[in-house]
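I've put the structures underneath this note.
Common to both upcoming complexes is chain A, partnered first by chain B, then by chain C.
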Partner chain A sequence: MNENLAEYFRGDHLPHIWCPGCGNGIVTAAIVRAIKELGWEKDDTVFVSGIGCSSRAPGYLDFNTLHTTHGRALVFATGIKVARPDLNVVVITGDGDASAIGGNHLIHAARRNIDITTICFNNNIYGMTGGQYSPLSPTHSLASTAPYGNTDRTFDLCRLVEAAGAAYVSRGTTYHVVPLTNLIRDGLNKRGFSFIEAVTACPVYFGRRNKMRTAVDMLNWQKEAAVPVSRAKDMDPGELAGKIVIGNFVDLDIPEYTESYERLLKEHASDRSGS
Partner chain B sequence: MSKVGRRLMQGNEAVVEAALVAGCRFFAGYPITPSTEIAELLATRLPQVGGRFIQMEDEIASMGAAIGASLTGTKSMTATSGPGFSLKQENLGFASLTEVPVVIVDVQRMGPSTGMPTAPSQGDVMQARWGTHGDHPIVAMAPASVGETYEATVRAFNISETLRVPVVLLLDEVIGHMREGVRVPDPSDLDLVDRKPPSKDPGDFLPYADDGSGVPEMAAFGTGYRHHVTGLFHDETGFPDMSPRTADALMRRIMGKMEKNPDIYRWLETDGTEDADILMVTYGSPSQASRSAMNRARREGIKIGEFRPITLWPFPEEELRSLADEVDTILVPEMNLGQLRLEVERVVGCKAQVRGINRTDGDIFKPDEIYTAIREVVQGE
Partner chain C sequence: MSSPDTVNTDPVLIDRSLCKACGICIAFCPKKVLEADESGIAVVAHPEECIKCRMCELRCPDFAVMVRSEGDE
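Now for the complex of A and B:
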């Protein structure tokens, strides 16, 4: 591990449980670098996760950390943020956790524009349970529950979060780690709901079944499939099929939920009667 | 706070006012009949006392948000009814295992499914005990009047904070919507409890260490204790440990803390049990019709006593077992087909005959039907 990041990790709980070739460590390190750059205090920062491979990340990080139920990280995080608006709240989730079982919470956290940064580790598969297809698995890809190819249509989660009203939406990959770190930093720094999809590699359960047997194959795929958002604007849907559009999609200054509620509290504190 | 002294209040309103007095400063909810007044009133009242209200996107979210808020050291509550109570069960189990204090109000309505949303029921008695998966500690209380609901709400927060256990306030639609006179106590007369804070510095603090009481000290997020909370089995550091030894120790401690501390949650009212031949085991709103029927029977010379557990779970086994030796028949009126009766039968074995008096039509008991059931017992002897 890079020495200058060690203070942010719980060294006595490493090594992690992730498989050889997994990209989750790259995303986790990117988050930590971004936090270091912003100078956030560990005591004032809470990491909340759901269930899945990525959701084990907070256990390795030396912050206030909460590992919740499947799909529900955002609701626990909402309770924390509303009760203690002064804390920095970061949610770590996976593609299945965020888009399937937790999809409703993702929509409504974005709609409220509550000041929570959500980083979705998208490995295109349910890894922890052994490789079932997720809503973000590409159509026609193979999975243990899609032995003849995935017949589902795949999901652009960034567009969902944008439509739901988030202040900040970006996508990066573990191949483009410096831009990913910068996107995460900007999301953390944004007042409001921020969503960063980090495309990560699962060579064991996704790659192996889909002609990308090694971590190197998967990073090469990220490199070749990636299209910067500036270039994607001039491409038609046919050209964009199978591509990963990376960069920043949304960056808005819009009213944040807890600030609005704090204002309401100030206005109505005078209503207190008899106490 | 609401005015001290005698006031006319609805059951759901009593929950709200008592929760505020008990120190509740966070509520997350979702609209559902017949509990909605609790959310509506708290949306108005919490900002007035510097607390926070949020209407979440669903019942699962409300339960999770209440637990999240509690982890910051804020006393938290959610409220619902049958269908929502079903949805809350997974996160309720999370609170049970991670030992996060939280109060859940379930204003019971007729089920299963959508059932009869405005009709009273006591159909969630077993769900309150066993609704989430796995063995788990939990407390459930079923008050029998609006005044008792006020007191039960204050106690619910105290029990939850003391034992770090979720507490279910099991009202029924009658209790939730009925208006009765309530004696609102002076808050300074109430004993209010907060969870035990850490007695050690962050470097030496073990978040799930047993100090002998079975209940660990609790550090709030954002106070310098950077601990880990997980729904996985964990050792006293709070980090996951799947070894059989750790799992066994954790399960026996969280269940054992209930057995060790019955005085914290035990709440039982008995009346006329000394020379009783018949014992009424009642809880919730049917206790009122039952009381009326018992009084009539006593005037006719029938020896009948009342055993009324306000804390249903953990069930007062020893107290009932010792009475079972003295009586011939136990009657259990319930607005279900015999949920608590199962527990009563288990506890008394063959020491006494146990009979249910059951309504499952969404209507309330009338004193006459309970009186008739008492007469049938007497005539059958």
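Now for the complex of A and C:
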């Protein structure tokens, strides 16, 4: 395999199960490159995932890894971070896992501003189970459960997490892989809750039904639909329909949960020892 | 991969055991260095054209592509 990545992977688990052209490997490699750049130790880093195609990623990564239940990765990650605030905790999730099954946990992890980096692989579909539409499937797109087109409005997950109180929020795409890697690096480095939505391609279950049959078609779609956040500010909602706004949306220095909790314990240390 | 008795001097190394023939590296190479073989797997067709931008490596979903660093050849 690529020798620049090999030390961070469980090579005997490769090739991975993802379909030809699936973008999940591009995002996974981007995460590893960001960690390499930051110089994080494998033993000090924990990957936690839920269920879905993207959540298979930690299985290939040679770190401390936890593959948990659907939508609940952030719950397990919160437990790890509270017990061991010294560890780097990273959650890998998908659009369905994060926004539908685990939406409630996402909101509250952001609200607490706990120092966890969540990377949401957004492939716009439930790929593993056969292409059902997710809350992030574009309106009018076709899915196995929406043969005449999806009538739901699409969730803007970055705006949700921003409103819930996260310290860091960004979106990138697998086409724009260098900026994506930098956004992930900055999110990992941020003290507080970081959320990076990585727009990734599912050519098999999303692309084929939506006139993008190949991985190349899907990357060209990402290229053409992407609008930098600096330019999007001057565009009205009509102009932004169908676009993917990329870049950094939120970068705040605000109180982090485990630090606040530690302070509370110290303030009441005498109360506790006196009991 | 090169056989043990030949030295591979290609600027781009492709692990055929990991490549799933998605075509991303071939399509987005700005210098058209790569081409597909009969099974769709990427091969280095025009090594002299490579500018080492690494876009093939960075966009490979299968960890199968690596661009040699300067001085490696």
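Here is the rule we use: the second predicted complex is superposed on the first by the 271 of 275 C-alpha atoms of A that agree within 3 Å, B and C clash if a C-alpha of one lies under 4 Å from a C-alpha of the other, contacts with A are read in each partner's own complex, and residues count from 1 in each chain.
FYI, a residue touches a chain if its C-beta (ideal position, glycine included) is under 8 Å from a C-beta of that chain, and two chains touch if they have at least 3 such contacts.
It should be emphasised that the depicted structure is a prediction, and the values quoted were computed from it without experimental measurement.
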{"item": "First, second, both or neither for A:22, with chain B first and chain C second", "value": "second"}
{"item": "Which superposed partner A:198 touches (first chain B, second chain C, both, neither)", "value": "neither"}
{"item": "First, second, both or neither for A:269, with chain B first and chain C second", "value": "first"}
{"item": "Which of chain B and chain C A:14 touches, first, second, both or neither", "value": "second"}
{"item": "Partner chain(s) touched by A:157 [first = chain B, second = chain C, both, neither]", "value": "neither"}
{"item": "Which superposed partner A:178 touches (first chain B, second chain C, both, neither)", "value": "second"}
{"item": "Touched partner set for A:78, first chain B, second chain C, both or neither", "value": "first"}
{"item": "First (chain B), second (chain C), both or neither touched by A:214", "value": "second"}
{"item": "In the complex, chain B residues that touch chain A", "value": "1-3, 25-26, 28, 47-50, 52, 54, 56-58, 60-72, 74, 76, 90-91, 94, 221-232, 239-240"}
{"item": "Complex contact set, residues of chain A against chain B", "value": "13, 42-44, 46, 48, 58-59, 62-69, 72, 75-80, 82-84, 86-87, 104-105, 107-108, 261, 264-265, 268-269, 271-275"}
{"item": "List of chain A residues in touch with chain C within their complex", "value": "1-5, 9, 14-16, 18-26, 29-30, 33, 174-175, 177-178, 181, 214-216, 219"}
{"item": "Chain A partner contacts - residues on chain C that touch it in the complex", "value": "15, 17-18, 20-24, 27-28, 55, 57-66"}
